[in-house]
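Structure incoming, see below.
Each chain carries a letter (A, B, C and D) given by its place in the written order, and its residues are counted from 1.
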Amino acid sequence: MSNRFGRLFSWTTFGESHGAAVGVVIDGCPAGVKIDVSQLQKSLDRRRPGQTDKATQKVLVTERNELDQVQVISGVFEGVTLGTPIMVMVHNRDQRSQDYDKIQKSPRVGHADDTWVQKFGHVDHRGGGRASARETVARVMAGYFAEQYLVQKHPKVQVTGFVKAIGEHSLSLDDLKNMDQQILNKSFNVDEHAARFPQKKIKIDELLLAAKEQGESYGGVVEVWVDHMPQGLGEPVFGKLKNELASAMMSIGATCGFEMGEGFALTIKKGTEVHKQSDSPVYGGVRGGISTGERLIFRLGFKPTSTILDTAKAGRHDPCIVPRAVPVVEAMTWAVLADLDLLQRSNRL
Amino acid sequence: MSNRFGRLFSWTTFGESHGAAVGVVIDGCPAGVKIDVSQLQKSLDRRRPGQTDKATQKVLVTERNELDQVQVISGVFEGVTLGTPIMVMVHNRDQRSQDYDKIQKSPRVGHADDTWVQKFGHVDHRGGGRASARETVARVMAGYFAEQYLVQKHPKVQVTGFVKAIGEHSLSLDDLKNMDQQILNKSFNVDEHAARFPQKKIKIDELLLAAKEQGESYGGVVEVWVDHMPQGLGEPVFGKLKNELASAMMSIGATCGFEMGEGFALTIKKGTEVHKQSDSPVYGGVRGGISTGERLIFRLGFKPTSTILDTAKAGRHDPCIVPRAVPVVEAMTWAVLADLDLLQRSNRL
Amino acid sequence: MSNRFGRLFSWTTFGESHGAAVGVVIDGCPAGVKIDVSQLQKSLDRRRPGQTDKATQKVLVTERNELDQVQVISGVFEGVTLGTPIMVMVHNRDQRSQDYDKIQKSPRVGHADDTWVQKFGHVDHRGGGRASARETVARVMAGYFAEQYLVQKHPKVQVTGFVKAIGEHSLSLDDLKNMDQQILNKSFNVDEHAARFPQKKIKIDELLLAAKEQGESYGGVVEVWVDHMPQGLGEPVFGKLKNELASAMMSIGATCGFEMGEGFALTIKKGTEVHKQSDSPVYGGVRGGISTGERLIFRLGFKPTSTILDTAKAGRHDPCIVPRAVPVVEAMTWAVLADLDLLQRSNRL
Amino acid sequence: MSNRFGRLFSWTTFGESHGAAVGVVIDGCPAGVKIDVSQLQKSLDRRRPGQTDKATQKVLVTERNELDQVQVISGVFEGVTLGTPIMVMVHNRDQRSQDYDKIQKSPRVGHADDTWVQKFGHVDHRGGGRASARETVARVMAGYFAEQYLVQKHPKVQVTGFVKAIGEHSLSLDDLKNMDQQILNKSFNVDEHAARFPQKKIKIDELLLAAKEQGESYGGVVEVWVDHMPQGLGEPVFGKLKNELASAMMSIGATCGFEMGEGFALTIKKGTEVHKQSDSPVYGGVRGGISTGERLIFRLGFKPTSTILDTAKAGRHDPCIVPRAVPVVEAMTWAVLADLDLLQRSNRL
């Protein structure tokens, strides 16, 4: 029961990274939502390596050819959701589990393999089973349906994820102001920025290329802004917007921290100082666990990937997964919002 | 359905802060757990104002007389759980809702009142309803039962919460080493430290007394260590130990951030640097979402309370809620662990 | 988790029959529903022994004095639901567990006692714990709130439960026609009929009085009609109206069968014969698991109570629990309908 | 969320009858269960038309060629469950939705089509969408995994479903005694009997062939015996074995009634009469909602299929679905038992 997310917009993911396919069954997407399979495919393509922009392709594309061609098996008819369960899946075309056979007896440092023995009495040595980035394909697919539901219900709502920091390199206040301006103008597209890191000072592609060559890896921070946020979403006690988001985000692999609004920076400010400020940046658009309608702001920290040089070659991993995490984080945001939006329908007579 | 926490060790809280009572129904505590009502009462007393030690009483005790006498209504017979639902409650003895009548037409800055109108079409003006620290009484009661279950199943497991920072004042490495030593010796008791802040350099009681007089407030950080942690707890995808903890913790009022292990500090380190280190402090005892058996470490940030001078007098709030949050954070930790421990019973043939 | 009923209108019951109290927490009743505590009290009184009418009081009233005074502890303010969890409870005033001490070592024939040892490793000998008619108090309270929600949302909807058979005595077609007529006229009140058995041929009170004296007991059948049923309630696969009702009804103690519409009588008819008929009596107002808007009709069988002469004196049970079951069956009907009504809010964009 | 069944052995079905595929995701099957895909295929083949035995093939086989070749997509590796979600599916090879195009504007009598408009704002005219016998494929697949779990945990447990009545023709006491004897000898195989109706007096195949030619249809009764039933399964209040079974069974299409043990026959017996009898046949092996370890007995009524002559040709349906329902009823039985068996793991310290 722990491969399921959401109370009403409820979905269950399946598939091992090196099994036949990964996918999701969504049980709770309302009927009447228009679906465009080519858009869904594009959502998926965004999480593939080397998709940020042309400049970075030589950096991030690995040999692995994940075509990730999506199949909508049920729940959609003539481009509209039926209200029945939606099953979407992607076959794993390139199942090179032989590479993984080599490492099956030496669980990798920082990987989940050995804890699985503890848990299930076995380890599926084929690439880490469910504890792999491949599992996030299912999240992105669920997120696409959640997004379509929400934007067709609240046409102005807008989720923008971006890389705020890669290792010690962080966006400046000017970078953030530029982004803010572009979001207002509706001209911002995170995918036009190398590594989804919207700045120009650092040559981030060169940094990552060098890291790849050296077997080095970087962590970082993803931040999300939700503009034109519907008011009143989130439930008072255990369904607070902030704890639902925290759960969604911290369920993503390699995450190490979650902050709402100003986050930990708030813990060192005094009350008189804080309450002079306008609310939104302070609390991130949430009060008492419920959305205020202001911009929702939260951040998610990623540790540097655990794969070092030799193993990296076998497993063909990225030097920095943070840019690829952006669409996953956005998808989980949509999923949380869709679920809380449906829950809100039951709050009043 | 959003006042419920846990899949198997599942509990639902009830009660408005200025209604008749607050309480919890636990549906899923196994039969045969020994219960000591006087211990349960002591757990509750720990979250009352002014309970940390004698030195701080003059600082933290407010006029509010919350006797908080616990009543075990069902599910326990002759000191042992029956396997039936456990209902425990505490009457609200001192329901001075008249104080709140004054402020009912001016929702307080930073308080949840106005978002509730948005949500439910009304505001229960009596002290904030469910969005009050009073709601945490139910969590502490649920946590007591979770703790009893766990320590009777895994006798060595030990949860230690403490204040790591109040405003800009933070524990030093030496303070942490002392604490670590005392935990190994089983001589550490967080309640012996003023404001549950285990250090001696800062006169924290004087700081808080001054803050109270000036209508100032402080946020801070609570950290939790779980020693002798059972291995293999946590489920691979959406029931990861880290996201279950994040959800539990971020559901507590006034929280603004959650970190596992080294948390955001990890995001700026390089992979080669991180993976030289031993695992536990780095990842906080979790790998792939599952406990490794090493010390579990996580942190929770609290913003400064939103109540400023005048309103504070009416509502009788603390200058810093962080010390009082410690037993609540510990309770939520026990609740998460009990639930994941029961879930783990179903993972193998 | 198995003391909880409902997905959205979700409630958890608690309380042993001879513990301090029985009650329910409803987590999911919308805000804004008007509540009248005196009506709630009347609902509860209906399930007490000897409440059907004056004529039968000497038959059905036992010595047991269950005052059953309801307390609304949370979730309601100034007569309106807040959207927060509603806790309602009733103290057990007369806890004569000493009577039960005598029988604690000889589990009664047909009672649940010995299977509980198997299950929980113990038996709470005090009157059967949760497997007692006392547990239904909580259902009636939950049902009252469900009813208020539904009749304030769909003002015409009307649930009528009645005893269709006691032992081998069954209502005639004429009795049913009379009842149908009175329901259309809104002049039918089941409580005006001895033993809630709306007929005049049999002196049912004398039959039951004789049974009580002889230590005999009767089973019977309760039928429910829902008029002005909202269309479209019930979910296609596992949330069908018929299986939700079946689960709700068969969870009541002493039940042995459930039928929808014509029920088992349909199994011996030919298709051509059935499909000539108009739909409602045939299928009971449900098609494909979803309400058609026609009268909903279903039946619930009760076995004769297992308590025979000697034990009956100790346990003070009824010779026939079927009349007392009517308000419980009605309550469960309201609970199912409220839950499916809230679920239906999420089915369309 | 209403396409999901089970709390711990929890599964979600998907797929429209005339879409691309039908299938199920099982989230909660323990790791370490041995799986034989050819056996799973055989389970599926049992619910296809014309599979009861050679004699009946000319009766029941329709033109429809449902190859139903099962694909295990995830959760199983080298013949053993991994503890990860199991996805199994079957493609719909023969999607003759054109036949259904003809009838899309005239919803069929007794079919679910028009209520779906009410519910979802549309009707998926392609063969009834989810309200089709095709949906039961997913149940049989889930049931196979539940069965494997249970028989590997409790090797003696045995579920036997059979047709007890077709229309007015019912098994005799002698038929039942023969069957009982053969079950004890482990020589009973329901699939060796025409129409899974274990008797010899009636030429049931000729009856059904004639019905098919005349456009007639029959309902009937399926009965299930569970021998060597584990004791203590079922939860006291809303997770009673009898209400879980009732919900599971009444969720199957075309069902109209459910009985436990002697069922409605018990309602007309007197208490003194009933309690002389030995327990098992009376209550069906359940007391207080919990299994006693005796043979579990329950019955499920099916109405005659609603499809009459002309439509039948287009839709190619059976004159009597009751024999084909047997494997579905058995599958749902296994699913309920597996879930309650896993729940029972949490009942004691």
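By our rule, contacts are C-beta pairs under 8 Å (C-beta built on N, C-alpha and C of every residue); 3 or more make two chains touch, one makes a residue touch a chain.
Predicted, not measured: the structure shown is a model, and the values here were computed from it.
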Of B-C and A-B, whichever chain pair has more C-beta contact pairs: A-B
Distance-maximising chain from subunit A - centres being C-alpha averages: C
Between subunit A and subunit C, centroid-to-centroid distance (C-alpha), Å: 47
Centroid distance [mean C-alpha coordinates] between subunit C and subunit B, Å: 40
Length of the line joining the C-alpha centres of subunit A and subunit B, rounded to whole Å: 28
Residues of subunit A whose C-beta touches two or more other chains: 1-4, 7-8, 13, 28, 31-32, 83-84, 119-121, 129-130, 236, 347-348
Partner subunit D, residues of subunit C touching it in the complex: 1-5, 7, 13, 109-116, 118-121, 128-131, 135, 165, 167-168, 215-221, 231-232, 235-240, 242-251, 253, 255-264, 266-275, 279, 282-283, 287-293, 301-308, 343-344, 347-348
Residues of subunit D that touch subunit A when the two form their complex: 1-4, 7-8, 10, 12-16, 19-23, 25, 27-28, 31-32, 71, 73-75, 77, 80, 82-87, 89, 119-122, 124, 126, 129-130
Subunit D residues touching subunit B - in the complex, by the definition given at the top: 8, 28, 30-33, 83-84, 149, 152-153, 236, 342, 345-349
